[in-house]
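Two complexes follow with chain A in common, the first pairing it with chain B and the second with chain C.
Moving on to the complex of A and B:
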């Protein structure tokens, strides 16, 4: 009985993920799909041509976007590392308050603060620039980075670093040879999270980038808004595919580092 | 191999005092056990000596050189943790070589030392295994090899045998003690197991409630504990007999015994089970065997008289049964008298 219920839930979950993707796939090759037909009534690759056409410029935007989000992911992880380590290992006055402050972007919508950021970015000349967009993307990414890495550091514990220290490794060497390799699974997870959050940003990019910094989600948005289902589907698939490819590339890149048997427990 | 001297060491975390006023010395090449119940501050003390925790007051000397301000990586005191903490992403070989790599020892010399160390701990052939492929005892030996590879001035062992099963524990104790003697490695061993401390140490420091109650050889600590607290902690079963000293004679329900150089007053006598002898009695004997616990090498009895119960450890040549009438004699020359009164439960 219970087993069956679990299976049912599983099917629902898989269906819930697969079904929309199947619909997307169909739309991506459909010329038109009028009601009440179960399947599209015409075949088209208009959207794909648009995506890969060198003159319409969808692919360069995609690459630019990937680069921007990769940079955001890298900076997020770099900034989150020391903060997460401190939160996991040290006890200090106001730790709880700091934790809430750091995680606040998760609950306060960025829209609410974007206005103020925009005004200030205009003042210091960061508005409408690549770096302006990168910096404001960090805002929703860093809470995830810190939260994930804090958990990883807590699981690791500080004793393995102490072990390295007494064996003659200084702080930096301990960090490079022991800490970083051991938390690398967490680094990958945090990078993926930050990448996805940054890659999906529309509003912040639109406001701070002022339309000059063109990311892929900004390209996708008008199609969805305009009701062109075919183009939306093609670009959505490209969106999903890019994220998957990026995650895969990251895993391959670090596979050498994240070896089998590398666990926090022994 | 350094001589270690600890002077007036104290540490508090917030308002909670962990250790205070710790003094002891370890002669070069000797093994000192820090023995105490859990929560006595043993591990904190060890971490302070390793340099991982800064003491509030006090100084530590390695060969008369103060080291409190020296960071752990330069101090040369290698701590082996209770759960070994091998680096899970490195092979056995890389683990043992870690300290040498950090010190910048060239590759060929490094691999020579690693081979030597693995040979020393009987772990040859495991060079390319990862920690998760090893058993508890093997991990421990690798951890030991890793610590010894850097030729530490002081080796610090934090409850090193508590995660092993009893049989392996015994052989690892022997192995470690043997290795320590052979290398003449100054060692501080933290343990809560009094038998382990007695069997392994040159000297024992008894740490209770954050301060050292007694330092001495195993025999001294066992036979001449400085206080009832210390006596309580060493040995599992004990007999307490209350009595009074008057004019150099201790009178108690077991009889009158000479107690020279003891001031008059109320005392508690602590008698170890092995100093209570029983022999075959007759119908007129006062004592009856209340229960028998056969432990192989020796037999534990509880013997009762109308007003007294005594625990006795006897050899296994003759085994008495429950209800047997026996004669009891107490070797009072080995008894310890403590003035402090205590409530027993």
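Moving on to the complex of A and C:
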């Protein structure tokens, strides 16, 4: 009896979380939805045509945005790997202070530092450029990379690596054939978080990119602001779909790289 | 031997350089301009007059209070609901069921889309007013109280709640599922009520997840621009929206006000970092 009650509450909670997304899906295919109808009164794919129509340029922006955020995710993970290792395995002076500093962008509002960064980037010519946007996206992304990878390294320990070293593998070989495959689930999670954070950035992109660097978030924002429910629903679903597809593609790629059975997971 | 000692610093160097550069560039420029040193606009020398000026503005004080209110209410509610959902998930008979994945969906949905979701539920043409009308509880479109763009910030709070509660669940769930159920049962056997056992045995164990989630959610809600800009009231504005208004003003002389507001936000975040580091020390002990 109580179990049923727990399950019921759980379904209500999950339903409450997902219900708005169902409404969003209805909007994405609604031609008109006058008050007070509970369902749309007409069917339309106007937004989808807008999305896929080559003349509107929405798809190229989506691809460009995916590329930009993938690059941000790649740089984030590459920079975070050694740092997370250092935090997990080494004891050194000032470790706690450095750790807090590295994680601080999770708490320092990006809005507040973005304006100062913007003034600086204008001075050194990074404002309104692709690389300027990539670099400033690293700020909110790196703490996630570090946090996730440090946790993975700590859980894994360094005993297996030491075994590889004892058995005669060099540093590089150990890293490539032992460490990286062992932490690959963490690599996936860190990449996903960095990608999502970068892909979702609006304010930073808009301020630093100055409207020249067009990401998908920037296409979506005016639709939500302007109140075209149908178009914003279509673009939002495209956004969520792209993220899910990217996550799926990444998992498949990694699984192919870490061939089944060849390595063992902790 | 010496190179071994330097090793961790070298491994941290790339991250420290990138973050240090961006944070210092951001904060130092903001600090300089907020102190009135802004040669491009013909402002030279340093003074505190812009801070004194904003502290005297009722606009700024309302914004500060409003930001605190929105951030506090949304993050407390998110953590409470998050814990509740985590408890449900742990007690659900099938542990690795679909719910375990579905609840995480809001984590990958950006705040701008969360705003759209709240609008499609609660705005005057949203689903909730329609439902109430169909059920005969209201008799016209305008009879529904405005829950978005409202002075109480309900739209803003609900947006943060929808995003934040699953995040808190995610953080709490990992610890909760590893807590030995024997502890809870022992408390029951010793005569504690279920609630008492939960509050004095389980909740303290969850602290390492609860406090970081709360601080993170609070900081985000306090410092994010998109949500209050899209779904918040025109007055009072939250601090980020206020700073942005000053920043894009065609009058360059308004710029120091924007930066002063930014520095206030940074100061609040430093306070949060301080609380977090205190908490970490205690957790380690």
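Brief remarks on what is shown
Keep in mind that, in the parts below, the second predicted complex is superposed on the first by the 249 of 266 C-alpha atoms of A that agree within 3 Å, B and C clash if a C-alpha of one lies under 4 Å from a C-alpha of the other, contacts with A are read in each partner's own complex, and residues count from 1 in each chain.
Methods note: contacts are C-beta pairs under 8 Å (C-beta built on N, C-alpha and C of every residue); 3 or more make two chains touch, one makes a residue touch a chain.
These numbers come from a predicted model, not from an experiment.
Of the two partner chains placed around the shared chain by superposition, chain B is the only one that A:181 touches, whereas chain C remains out of contact.
In the superposition on chain A, A:107 makes contact with chain C only, not with chain B.
In the superposition on chain A, A:38 contacts chain C only, with no contact to chain B. Of the two partners chain B and chain C, more chain A residues are in touch with C. By the touch criterion defined above, A:239 lies against chain C but remains apart from chain B after alignment on the C-alpha atoms of chain A. Contacts of A:18 after superposition: chain C is touched, whereas chain B is not reached.
Overlap of the chain B and chain C interfaces on chain A: none, as no residue is touched by both. Those residues of chain B whose C-beta lies close enough to touch chain A in the complex are 47, 50-52, 71-75, 77-79, 81, 83-89, 98-99, 101-103, 130-133, 139, 146-147, 150, 156.
Note for the complex: chain A touches chain B at residues 159-160, 162-170, 173, 177-178, 181-182, 259-264, 266. Within the complex, the chain A residues that touch chain C are 3, 6-7, 9-11, 13-14, 17-21, 23-24, 27, 35-38, 79-80, 82-83, 85-87, 90, 92, 95-96, 98, 100-102, 104-117, 119-120, 135-136, 138-139, 142, 146, 192, 196, 199-200, 202-203, 217, 220-221, 224-225, 229, 232-233, 236, 239-240, 243-244, 247. Against chain A, in their complex, chain C makes its touches with residues 5, 7-12, 14-16, 18-20, 22-23, 25-30, 33, 84-85, 88-89, 91-93, 99, 102-103, 105-113, 115-121, 125, 127, 129-131, 133-134, 141, 162, 165-166, 215-216, 219-220, 222-226, 230, 240, 243-244, 247, 258-259, 262-263, 265-266, 269-270, 272-273, 276-277, 280.
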